[in-house]
């Protein structure tokens, strides 16, 4: 029986946008989507992103293959500046540059007129029209045209939900991590910006200029070398699944699925989660309430 | 016969670092490499990157599957700040977070001690040692350890080399673009940060705050709507291959290969390149000198 | 508006088995599944197969990543010999040889004791036991063990359902074909053994020893060269989607989805289907009844 | 230090053909190539196949992306019948059915006029012409045309070369196996029909009708249960790399590379190879001669 530690994960308010990306062929869709959601860089003052779900042609506005992605920025006073910039960057440098792509809104809530941060790539030669029942901006590009829905929503969600798996080997760590990420593809409204994350962090650090640093008490390779190690005997790897979701319920559901997955993988000895003593995050999600 | 326009591409000085990334399994290597080289964002004041070549286990320092990647920043007075930051970001958020990865130097030239911008992720718990004949930093992480060679080189190279293909259809545009990108995998020292790029830009713009905007005279969908279109009759798509290389010779060789590839694809009617009237870049590479 | 031809597709009775395949990591699952379902060779007296759907760890008996696949043989008097042989071949040479794989039954109906055609690979060293609530055969192999559920079902279904898309270019043909195959991943009980098939056949031939040959009246490159061409003006490519399903309803539903997909792709001018004058197949599915 | 057992691998004469496959886009190439080389079924009286190497557009006859593949049948008196059938099957059902593919000869030696076993798929509507300096058969198909070089060579090579890795865990077994398969992509003239094979076999069996059965003395899960186990203490998985090559030298070179790879993977405790007491194969390759 796998132990579920009596602890909680600390999660944060974040601002997200949620998009449908489509393309002519699946290989182009994958290129655009993986690029646009790569490099989770919130700790660099930027953003993080992920694929929520792949869509069949029957599920997209333009009948092509597609995917739902989310882009997240921290909820700060100036979040709108960061959101405009980061959404613009991920859409323009990740999607628009890939041939045949289009972007549609998939987020209820307040709307942004993305003419400002995306449409103007057209240098004023872009235009508005209605297609597939949506108002879109058509940006002329050298390959043809890039189409994006004009009004894209954003909303407040919950970021930084997480599950830790204490594992006896790299092998079981990869297996449980990958299974969890796959299982979450069936949970609505959530992404895993790092997928199977190899490097959990703590907020306090000796080098503030470098950003969050390694969570040293939970590093198996420090066991026996430091006085404050919290790695149990026999544990060799502790992968983390970071979860962002459109609501607290979505994140809780995702964590519940992660716990279930972890219960059934050989080599997982304990399931836990990361918190910062409750000082940082708005939300506390107790693991034992999820079982 | 495909016409090669009598023009030149304008290229720039850039600063690059060149790394070998390795991982335990190929799927983990691909995840790390695609993430670390995604989102070419030089126009956002950040960096761009690409895969130069995949490596067999016989070709890597640690005998695992690997790849050579390059990360580029513009050559400005403050390039070192940007390079440290961007190299740190792409290595930490793209590679270190993926289980089992390691990073080695593959760049001659001046060296950076990456203890500063990567090693300290270990919060001082990292240590130095020699492995595979190289001095490395071992960063303890929750998954186990992340290993990076301590001294990573950087050098000046040539960025923004490019080839444009004037094509009769999206189809021929995708085909020639993809073929060119594949062919360049056999040219030493070059990357294609955008692969098949759908959106060439021009420097002048009505909206300076958005950065480079669409190269409107070369947008097929504007033909007949604007007075200054330069799109020939029958041309429907103009993909661009952007090329960065470790030397002018490498970029020229790559452009030569791109021209050869373009000569042999049905539906390509003209091969050209982008320049800014020679006002911006240090280098002019004349296409007809390459044939 | 895309024309739907007033014709029918002729389909056949076939015998299928339906399996769940699981593996430790997704890349191993994909290797096993793509291999086991490759090479549709019914015309060589063998079998055809396909992926019905990918499964989340929450949907598989052993909690690992998985997929539902189907293997089909023609319904002849001796179908059982062919089924035993072909199921054995595809499981042993496609799945068992890939590390960490397992196979479970996903088919109601008559059961085969696969000790005969798979289990005995263990040379008598295999054994039976109950795992995950199912009776399984454990076959010791050099990598560890291969596990297969002991009783695997088979049933009669409908094979050879099909849709043809008359397209103005290769490009639109690839696009509509790929979209249809993707859309069918959401239809229960069906596979597309050829995915986007480039080569439809007819039963009559000058060279009976070679098996079914090209459906020459529908070859665009013969238009103008033969008297009996049925390719409309402007049609350059006619991809076929072949559909096998567990019931007539499943095949009809899949064809309906294919028609809907085809209605929305630029460059598709007509949707049709293949038949042999009603002489060969048990089933006639009229396209216009599906709209 | 990893022990290399003082033994030999027993290899066999086989007949192979060697082809270049090309396609318009890489995703279509991969689909064709993986399908045409899947399901190694020599033990079913059929054939086995593999990818030797991926080709850049600069390396293929038609300037498209490509790959070199090999198809193998056993050298028996009736090998020509089997070769014609199996080559026909793998080309027609694996490659021809995938849109935009072409096949060229890459084998010196005796030639087969594949009009007989492939061309006639055109039902007599196919024709001959010269393209890219080669005589080809153009087979009209519904998608457009399939092109195959008319004369395809075959030759005698060496099949069944192999290396076994005795590993302490599944993890190290997957790692060493995958590394070896990747490393062999750089060795000319060889394929690995099973890639990382989980199930080595022995010729003698209690159930001759099922074909070769598990090599029980080398099954880790039988250790302690049977009297004749040859699995050393602590060994949990023994993956096999099967190697076919165009010459004895090529196979030896490949085995040498496999040994080198195995020397450098943690968890590999012994490197060995399979033989049948020298009774079956024409060739004996002693491991210690390769170091």
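Just a few scattered comments:
Letters are used for the chains, namely A, B, C and D, taken in the order the chains are written, and counting of residues starts over at 1 for each.
The criterion applied here is as follows: contacts are C-beta pairs under 8 Å (C-beta built on N, C-alpha and C of every residue); 3 or more make two chains touch, one makes a residue touch a chain.
What you see is a predicted model, and the numbers here were worked out from it, not measured in a lab.
Under the contact definition stated at the top, the chains bordering both chain A and chain D are B, C.
Contact tally for B-D versus B-C: the pair with more C-beta pairs in contact is B-D. The chain with its Cα centroid farthest from the Cα centroid of chain D is A. Per-chain Cα centroids separate chain B from chain D by 35 Å.
Inter-chain spacing, taken between the CA centroids of chain C and chain D, is 25 Å.
The distance from the centre of chain B to the centre of chain C, each centre being the mean of the chain's C-alpha atoms, comes to 41 Å.
Annotation for chain A: residues 24-26, 170, 174 touch two or more other chains. Listed in rising order, the residues of chain A touching chain C in the complex are 24-26, 56-59, 62-65, 174-175, 178-180, 182-183, 185-186, 257, 260-261, 264-265. Chain A contributes residues 24, 28, 31, 34-36, 38-41, 43-44, 85, 88-90, 93-94, 96-101, 117, 120-125, 138-146, 164, 170, 173-174, 177, 194-200, 202, 205-207, 210, 213-216, 218-222, 226, 236-240 to its touches with chain B in the complex.
For chain A in complex with chain D, the touching residues are 25-27, 169-171.
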